[in-house]
Amino acid sequence: MECTTVVLDHGYVRLIETWGSDSAIIEAARMSTQKGFQGWGSKQTCLKCGKVVQLPSDDPDSGGCQEKGEHSWDKPVPGDEKLLAYLYKHKHMTPFEMCGAIFEIKAPIFVFREWHRHRTQSYNEMSARYIPLPNENYSPEVHNLVGRSLAAANSANRQAGTQGVVLDLDTALADLLELEDYYQRGQALYNRFLAHGWPKELARLPVPVARYSAMRASANLRNWMQFLELRCAPQAQEEIRLYAKAVFAILELDFPRTMKLFRGNHDS
Amino acid sequence: MECTTVVLDHGYVRLIETWGSDSAIIEAARMSTQKGFQGWGSKQTCLKCGKVVQLPSDDPDSGGCQEKGEHSWDKPVPGDEKLLAYLYKHKHMTPFEMCGAIFEIKAPIFVFREWHRHRTQSYNEMSARYIPLPNENYSPEVHNLVGRSLAAANSANRQAGTQGVVLDLDTALADLLELEDYYQRGQALYNRFLAHGWPKELARLPVPVARYSAMRASANLRNWMQFLELRCAPQAQEEIRLYAKAVFAILELDFPRTMKLFRGNHDS
Amino acid sequence: MECTTVVLDHGYVRLIETWGSDSAIIEAARMSTQKGFQGWGSKQTCLKCGKVVQLPSDDPDSGGCQEKGEHSWDKPVPGDEKLLAYLYKHKHMTPFEMCGAIFEIKAPIFVFREWHRHRTQSYNEMSARYIPLPNENYSPEVHNLVGRSLAAANSANRQAGTQGVVLDLDTALADLLELEDYYQRGQALYNRFLAHGWPKELARLPVPVARYSAMRASANLRNWMQFLELRCAPQAQEEIRLYAKAVFAILELDFPRTMKLFRGNHDS
Amino acid sequence: MECTTVVLDHGYVRLIETWGSDSAIIEAARMSTQKGFQGWGSKQTCLKCGKVVQLPSDDPDSGGCQEKGEHSWDKPVPGDEKLLAYLYKHKHMTPFEMCGAIFEIKAPIFVFREWHRHRTQSYNEMSARYIPLPNENYSPEVHNLVGRSLAAANSANRQAGTQGVVLDLDTALADLLELEDYYQRGQALYNRFLAHGWPKELARLPVPVARYSAMRASANLRNWMQFLELRCAPQAQEEIRLYAKAVFAILELDFPRTMKLFRGNHDS
C-alpha cells in the first residue's frame, strides 16, 4: 500500500515498510515469563457454567447459562492491552525495539540538519556530490509567516524569537518575492559553476539550507517514539513538527495501540 | 512460514520476521542519485534493431533481427548485482541497514554471554527473576568433546587451549556423567531454595552457565553481518558458531544476493 | 587518586578515569549561543556604584559604596547552576555526553548479565576461554537472605517473589552451607576437566552464575545516569543496586553538581 | 595545553580533552587474562647471570656478566607494542573504546552535514534558532579550485566530477567574486528579515551551505579511527579531509602508538 503524505510546499513523507506489530511487542516482553501473546480485549467467565466471552465483541447475554437461568459473570479480566500500557508507562522500552518502520522523506536541508541529530536512525540521502540538486526551495506560506512573527513577538520562546518587531503582510509578501529571487540567483550561480567546470562538490556552495533534499530513514519503534517525543513537541520548529506529525499518523495505522499510548502520554 | 533450526542438545534458532530485501538495499543506495532499482541480471541490446534481452533468462537467438539476418548484440550491461557487489566490497554499509531480521533463540547462558556483547542488537530474554528456569543444561556430545580436546592439544589456539593432555573416550564418558549429576544437584538445590522461601532472584545462584535460556534478538542486516563476521569465524567457540551458522542459513533465504557476497568474502 | 569501593563478599568498583566536568557540560550546551561558561554561584550588583559581589563567598556588606552610604544591591543573578538544572530538568541530555567515566568492576556473573544489557557502555571482561576463572562465588549474607525472604513474602514484587514461604535462620544457614559445598564441587569438576584435557571453553560449563568475573566499563555521563536510573531503583535486584550506588558515590566526587541534580530527581 | 589547528579560510579544530592512553588500551585488553600492562619495548635476558636489559634504552654490553666473561643474551622478548599491533591488526577494537577525545570544530555547514553522519559521536552545535549566525562563508582558494577542476576532468571520480570542462583561472576569479557577492546578498536578506520581524528560525532560509557553524564533538578512539578511515581517504571531499587530518595530527600527540598503527594501515 502506497502511503504518502504531502508536507510543506515540495516535501513528503512516504512509508516504505514497517515490521512487527502491537502484539509482537507483547510476545517479546513475554520472553521473560515465556507466556506469549494472550490476546487483546477483556474476557469474562460465567462462574456457574464456565462459559467465556470476549468483551466487547461477544454479547454476554446471548444464550442462557447451561446450569440454570442467567449467567453469573465473574469480573472482567483485562487482555494484553494492560501489559502494553504497563510497559509503556514504566518505560520498559526494549520490547518496542522489536517493531520499526522505514520512510522516504523529502524535506529542506535545515529540517534534515535537525533530523540527523537522531543518531539511532539509519539514513541514505541524495548527494550533491553525485547529482545536481533539483531546484526546489522552501518558502513559507505568507499567512503562516506573519502569524509566526506575531506569535514570536508575543512569546518568550527564544528559539523562534524576533527582535520584537511584528511582520506585516505587505512586507512579508515583498520579502518572499526577494527570497524567491535570491533562490533563483543561487540556482543560476550553481548552474553556471557546473558549466564552467567547477567540481559538483564545490558548485553546491551557494545552495541555501532551504533547498530540498530526499532520504530514506529507518528506525525501530522505540526510536521513532523518541523522535516524535522531541519533534512533535510545541518547542520544535513548525517545519520539522509537520514531518513528525506525518510520521506519527502513518505509524498509527500499523501500531494503533502503541501510538494511542504515545498520544495519551503527550496530550495530557 | 515457520523456520526453526535445532542447535545443540536443547536449543534452536527460529525466524520471527525479516524486513527489506536485496532490492531495497539498491533503492536505498540509489537515494544519492535518485535512480531507483533498475533490476537484476545483465541486459543485451541489438545494435541493429534495438531489441533488448534479459540474460540469462531470455534466449538471444529466438526471433530474427527486424533489420535483416542475425542480431548484432552489443556487449552485456550488468544489472544492479554490480552495484550491490560494489557497495559490499567498498564497505558502503548504510544501505544494508535498511533490511533486518528478528530471531527467537534458545541457547546456554555462556553462549548468550558472548552474544550480548553485540550492542547493536535488541534483546528480550527470559528472566530467572520472574519464572523458575527450565531444567535444561548443555552437555557436549562425547565424540565432539574428545575431538576438540585433541584439536586443542595440537593447536596453538590459546582460547580453546588445554593443559596439553588429550581426553580419552572413557574419561570423557565418565566426566559427562559427573557433569550431568552435578547439573541435577544444582537443580535440586535451586528447587529446595525456592521451596524454603529464597527469593527467586537469589535461588538462581547455583544455576550453571550451561543452563538454557531463551530470547528474541533483532538487528538490521549490517549488524547481523557484523555478528556473523565474528561468530562464524574459526576462532569463535564452536557452540556460538553453530548458532551463527543457523542465523546465516535463514538470512540466505530472504537476502540471497547479499548473503552470497558475505559468503564469498569469508570463504576466500 | 585510587578510588576503590568494596561491594558484596568478593567484589569491588574502582575508578580508572573520568573526563569532562560540570562546567564542561555548560560549555558544550553554550555552543548553541556561543557564550561559554559564565561561572557558578549568584552575582549581585550595586545599582549605585556598580560593584559586583559573588554570592555566597563575598560579603556584600564589606566596604562601603563608592557613591555614598550603603550599597543598593540589585537582586541576585543566578550563575550557570541555573542552566545546568534547566538542561537536566528538560532532558537536554546531549551536553552530558561530553563527560564520562571508566570503572573496573569485579562482580558475580548474574550481575554482569544484567549490566551488559546497557548497550551504550564499552566493556572488556575477563574470559574463561583464556584463563581459569578464580574460585570466588557469591554467597548472600545470612541475615540479608532471611530479611529479603520476609520482605518478598510480604510484598507484591513478583521479581523477587517467593512461594509465600518465609525462610528461617536455621534453614538459611544450612542452605548456605549446602550452597558453599556445591560451589566447591563445581570447582573440583572444573579443575578435573582441565586436568583431563577438556578445552578451557568447555571446562567452564559447571561454573555457576554466582561466580565472580571482572571487567572495565566505559560510558559517557548521560549513559551512566541512564544506568543509575534503572539500577539504583528499588525494583533493581539488591546486588546490582549496591554496585550502582558505588558508581554513583564515585561520580559524585567529580561531577558534584550534576549528580546532585540526579539525586534530587530520584529522591523525590 | 591549547591545541588549535586552522583549517580552510575561517575554520579550526581545537582539542578540548582526551582520556585514556596507549597503555590503557593494553590494560583493558588484558582484563581477559588479568595480566595488566607489562611495558613497552623489548627485553633481553642473560642466560648465564639472569640480568635483564630494556631495549633499545639500555646498553646490553654495559657491565660484564656476573658469571664469567661476556653475557649470553637470549633473544629479545617484545613488549606490549606487540599486543597493541595484534589487537589492531585482528580488529579486536573494544579496548580502543577505553580512550577518547573531544574537539571543538568550526566548519562550513556542508562539512558538518557529512560529519554528522557519524552517529557514534556526541555533538553540541551552534544554532541559528538561538543566535544570528556570524557572516562567514567558505570560498575555495582560486588555485585549489582550478586544480580540482582539472583533476576532476581527468579522473573517473564521479563524486567530484565536472561536465568535462576545465575551469580557467580568469573564469575562476570572476566566479569567486560572484560567489562572494551572492553571499553578501544572502546575508543582507537575512539581516533584513530579522529586522522585519521574521522569526530567527525562518530568517535563516537563505543561509548557504557554505556558511560556517561551530560545534563540539566527542567520541571514543575506536570511533575516531572509524571517522578518520572514511574522511582521510582519497575519495573524501578535500574540505572534510583537511579537518580529518587535523584531528589525526592532534590524536597522534596523545595516542602515538595507536595512531602509528592506523597510519601504517592506511599508507600501505
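Per-chain residue numbering starts at 1, and chain names A, B, C and D are given in the order in which the chains are listed.
By definition in this document, contacts are C-beta pairs under 8 Å (C-beta built on N, C-alpha and C of every residue); 3 or more make two chains touch, one makes a residue touch a chain.
None of these values were measured; they are calculated from a predicted model.
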{"item": "Distance between the centres, which are taken as Cα means, of chain D and chain B, whole angstrom", "value": "34"}
{"item": "Inter-chain centre distance, chain C versus chain D - centres from mean C-alpha coordinates, in Å", "value": "32"}
{"item": "Sites on chain A at which at least two other chains make contact", "value": "117, 123, 127, 130"}
{"item": "Contact graph of the chains (line, ring, star, complete, other)", "value": "ring"}
{"item": "Pairwise chain contacts under the document criterion", "value": "A-B, A-D, B-C, C-D"}
{"item": "Complex contact set, residues of chain B against chain C", "value": "109-110, 112-113, 116-117, 119-120, 123, 127, 129-130, 137-140, 145, 148-149, 152-153, 158-167, 171-172, 175, 178-179, 182-183, 185-186, 189, 192-202, 204-210, 237"}
{"item": "Chain B - residues contacting chain A, complex", "value": "16-20, 24, 27-29, 31-34, 94-95, 97-98, 100, 102, 104, 122-127, 130-131, 214-216, 218, 220"}
